[in-house]
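Below: the structure, in structure tokens.
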Amino acid sequence: MASVSFQKAQRWYPGADTPAVPGIDLDIKDGEFMVLVGPSGCGKSTTLRMLAGLEEVNEGNIYIGDRDITHLPPKDRDIAMVFQNYALYPHMSVAENMGFSLKMAKVPTDERNKRVEEAAAMLGLTEFLDRKPKALSGGQRQRVAMGRAIVRQPQVFCMDEPLSNLDAKMRVQTRTDIAKLQSDLGITTVYVTHDQVEAMTMGDRVAVMKLGELQQVATPLELYDKPANLFVAGFIGSPQMNLMEAVAKDGRASIGGYEVPVDPAAEKKMHGEITVGVRPEAWRVVGPGEGLPVKVTVVEELGADNYLYGTSDVEGVPSTVIVRVHGRDHARKGEVMHVTTDPHHVHVFDTKTGARLSD
Amino acid sequence: MASVSFQKAQRWYPGADTPAVPGIDLDIKDGEFMVLVGPSGCGKSTTLRMLAGLEEVNEGNIYIGDRDITHLPPKDRDIAMVFQNYALYPHMSVAENMGFSLKMAKVPTDERNKRVEEAAAMLGLTEFLDRKPKALSGGQRQRVAMGRAIVRQPQVFCMDEPLSNLDAKMRVQTRTDIAKLQSDLGITTVYVTHDQVEAMTMGDRVAVMKLGELQQVATPLELYDKPANLFVAGFIGSPQMNLMEAVAKDGRASIGGYEVPVDPAAEKKMHGEITVGVRPEAWRVVGPGEGLPVKVTVVEELGADNYLYGTSDVEGVPSTVIVRVHGRDHARKGEVMHVTTDPHHVHVFDTKTGARLSD
Amino acid sequence: HLGRPPLVLLVPAVLAATLLVLPLVTLVLDTPWGTFWSELRSEPVRRALALSALTSGLTVVVCVALGTPLAWLLARVEFRGRGLLRAAVAVPLVLPPVVAGVALVTALGRNGVVGSLLRETTGLTVPFTTAAVVVAHVFVSMPFYVLSVEGALRTAGERYDVVAATLGATRWTTFRRVTLPLALPGLVAGAVLAWARSLGEFGATITFAGNFPGTTQTMPSLIYTTLQADPAAARTLSMILLVVSIGVLAGLR
Amino acid sequence: HLGRPPLVLLVPAVLAATLLVLPLVTLVLDTPWGTFWSELRSEPVRRALALSALTSGLTVVVCVALGTPLAWLLARVEFRGRGLLRAAVAVPLVLPPVVAGVALVTALGRNGVVGSLLRETTGLTVPFTTAAVVVAHVFVSMPFYVLSVEGALRTAGERYDVVAATLGATRWTTFRRVTLPLALPGLVAGAVLAWARSLGEFGATITFAGNFPGTTQTMPSLIYTTLQADPAAARTLSMILLVVSIGVLAGLR
């Protein structure tokens, strides 16, 4: 177990015009579960593969604990990686797969069997040890891949979208299993995903990336409550935060005739073109004449929650405004409703730079 | 536009031991958006392909309006299908793709161009008409596939998981677009998906299938509020409904020492082994000594909602109990909390037959 | 990035590469480049070149005309014995060319099952004519074409055809407007392969059609005949065929 | 289920199938089954069979020993000129066999670039010996083996090797324990292909090694030689090679 530190680590693919990762600085604490999240092409996988030694580091350094591992081959880094496709060896049994790293390390057979059996018990795989991977379900294969990594007892786990090949139900269940397992084992983990829900639910901290650059590194709730810029605001949360263009003048922000309530910090900093963000659950329905008028076009009733999708004719508001409402009694399709919100629920950003202006 | 009626329609693949669809009875109203949903292998796609003429119907009949189309070749059924992989013709421009069915029907060029342009305008594809499909994004391709179907002005749309190839964000946006479009066009639509969220948000009615058999056909909220059996209860809703084994005696249902409140209808019908279902958001937190004790193992904070995953030592309760809580102030990992619920939130099922016992 | 390749693998790999590359390099170096153009104009070489061009061209035409429908049948239509037919079509791929020649003699020779029938009804005999060369070439080349096109049709997948059907297209229209355009790269690749195979054909041709200058002596037959007596002519023709082979490989990539 | 196949496609398809299948069927029918076993025991047939068995066996051994590392190099190691090397390895696949023979004569013949060197230093000459047959067969067969194994290695993908590296395995251990076992089906398929190609080889062999009973006369050469004089022997041997071809095809599926 150890900390991980990226120091201006750069990856520039041969022949590419720009670096995939221009230079990342990231410190991960001993035992921490760090999630790298972002849209495809944001450099999150490249960053992970640099740590695992599968991509060359062109500049900068990477440390595991005190060891500079920047140029070590993967086999000497003392990490274990779990891949999206698991890459279980089809010609080996589950036990042989899980014990592979110990065989490589020339651990005696007794000790090897013991450690494989322990890991199998932990993952509920004991009865499958003699099977070949192809005789397992997707979820079981995922657990074998986890087991193969665990048995190595590495300093760092590297996980590259390990849940992407599972169906939706299985994914929800497995993400809590992995989070629990990691917290029990206490092994530093770097986890890559494109799914912000996975990032939010699993990470101690989450690093949001875009075009190879870190956008914000924070706990899940900080990301949700105080996104550092427009990209993070739009990326974290589903359905997405409503992002609306507004004009700021003399400490007041207005969208057409609707004056948006903003907090004092934003009041001071904002001027000119700003973007105002309100999460779907932060709207309050008010009477006609107040707030922002929204004509409901689609009603989604998910059972526990209801989402109203509406359009507003006010200039600057995106085609769709999403409002989350409770209960079974709400506006129907075609009706016009009025919504507003409160200053501490409003996120104000500079439209040009994307920087957060509110507290 | 027309209604669709399956009458004991059976599909038995040559050489298979059992029919893929033993005999489905389903009436779809003119203009209705019907979603077929179920886990993979449940026969939903086979059913759709029987309607489209891509699978032979071994017994029974299928009607579109008054026409018996059971044995017509696909080209004569007046349907249009949208596939998961879109299958846009890579050697044709977007306009040629969209106008293909009109060319087949020998519609004059002027009329063809007009109808293609109308559909393109509706879908926001006007500027892409001259492009080849490979120059489009996933979402745009999906819209072209929709457009190609719309231009045909068929009696029935058949859609086979048309959103599966989109990323999560795009899927959420596109599902409301499709729902809106269908409701504007008013064309009878049969939509297949494995994703219960899609089913809930898009369908006028949803047909839940398992092993080739219909489990329940109802509106989304009916499915959520009154699942007809254990399978539907577990399938609809995410996170899943908590399903717990209980014992019924003299009109009382108990899980270990916790007496579950049930409604009068269930009180009368239940006896012996039953399964009690409670949705995560239906729990109320109560003081120690009351309710079901749950030890919290994982806390998921998604921003708007928080899910607590806990274990209960009471016999019959599954390893994990999921509780949805509001606000930022709730039990932390390792704490024990007590939860209960109200009779109208409790779903009672016969464990053996799976049938619903409560109202 | 996974580390240096071990010597125990490098050494045999280099040996294998040498074995395969060395003969080609020496052939290029030893070709009589000084007299290359004058060799090309010599009578036997010109006749062999013309005959090879004619027969390989005809072979490609026959392959495309008959092989495309056969490939479509194998890829798109389910019928009893389809697996058997596909296997039978593939047999000439692995069949030794000399055996192909023997099979053709048995079928179409003067006393062959079909050949004698043909001779009795029309007076025509196939062996030792230019037609025999084309028949031999089609027999050994068509499987390359058919399997290449069938592969392209399978790769393109039936889904495009299915969509056309749901959009109201007949099967023949679907073939012309959808199936064929999508499989075009496979068609071209298959035609190039068949052409290359035809150009280099030797065993079946010499067995079934013989080696007569002007009527059945193609380039490979001339090379074989003259290697001892006139190595310059043999190497000149070899060089042309080597260049064609490399061109075909480059074109297929 | 998409409707009946149109006649305009059915007719040429049937014609093509007939053309390919008919010669094989007549060969089977016309084989002298009554004297089949006695033919097998005749001196020239026995010698050709023995020589073909020996040379094709040796060819496969050389292909596996040298070709496997080459395939691994092409599939797994990035180096300058890899594309060129892969193309060079594929050249013998499309090269006419006679041209391959000429290239081998040019390189290893008595007066060839390497051949004369060999003769001067060791006194050995390669052409017209059994060794020449094996060299010719390896030259034309190894590309089949290498490309088949390379394809298997690429299909298996590097991810398994990558996982082994992250689990602490060296490159050589990874090759033995992971890469090779996963590519085994491709290895076997490649070896079968190379063997079949070797067994049917005619053009390169007759050009480079000649056609001497006992030393270089393999089965195809004997068939070619005896088709006019002793058609029964030719058909008997052809039948054996046809059965082998069909067996190979069946085995590869």
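Labels for the chains are A, B, C and D, by order of writing; each one numbers its residues from 1.
Going forward, contacts are C-beta pairs under 8 Å (C-beta built on N, C-alpha and C of every residue); 3 or more make two chains touch, one makes a residue touch a chain.
Treat the numbers as computed from the prediction; the structure is a model and nothing was measured.
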{"item": "Higher-contact pair (C-beta pairs counted), A-D versus A-C", "value": "A-D"}
{"item": "Computed distance of Cα centres, subunit D from subunit A, in Å", "value": "53"}
{"item": "Between subunit D and subunit C, distance of the C-alpha-averaged centres to the nearest whole Å", "value": "17"}
{"item": "CA centroid of subunit A to CA centroid of subunit C, Å", "value": "55"}
{"item": "Whole-Å gap separating subunit A and subunit B, where each centre is the average of the chain's CA atoms", "value": "26"}
{"item": "Shared interface positions of subunit C, touching two or more other chains", "value": "2-3, 162, 165, 170"}
{"item": "Per-residue multi-chain contacts in subunit A, two or more chains", "value": "53-54, 73-75"}
{"item": "Chain-level touch network, classified as line, ring, star, complete or other", "value": "complete"}
{"item": "List of subunit D residues in touch with subunit B within their complex", "value": "1-3"}
{"item": "For the subunit D and subunit A complex, residues of the former touching the latter", "value": "159-160, 162-170, 173, 178, 181-182"}
{"item": "Partner subunit D, residues of subunit C touching it in the complex", "value": "2-6, 8-13, 15-17, 19-24, 26-27, 29-30, 65-70, 72-73, 76-77, 85, 87-108, 112-114, 138-139, 142-143, 146, 161-162, 165, 170-172, 174-175, 193, 196-197, 199-203, 206-207, 219-220, 223-224, 227, 234-235, 238, 241-242, 245-246, 248-250, 253"}
{"item": "Residues of subunit B touching subunit D in the complex", "value": "53-56, 73-75"}
{"item": "Subunit B residues within the subunit A interface of the complex", "value": "40, 167-169, 172, 176, 179-180, 194-195, 197, 200-201, 220-221, 224-225, 236-240, 279-281, 297-298, 300-304, 309, 320, 324, 328"}
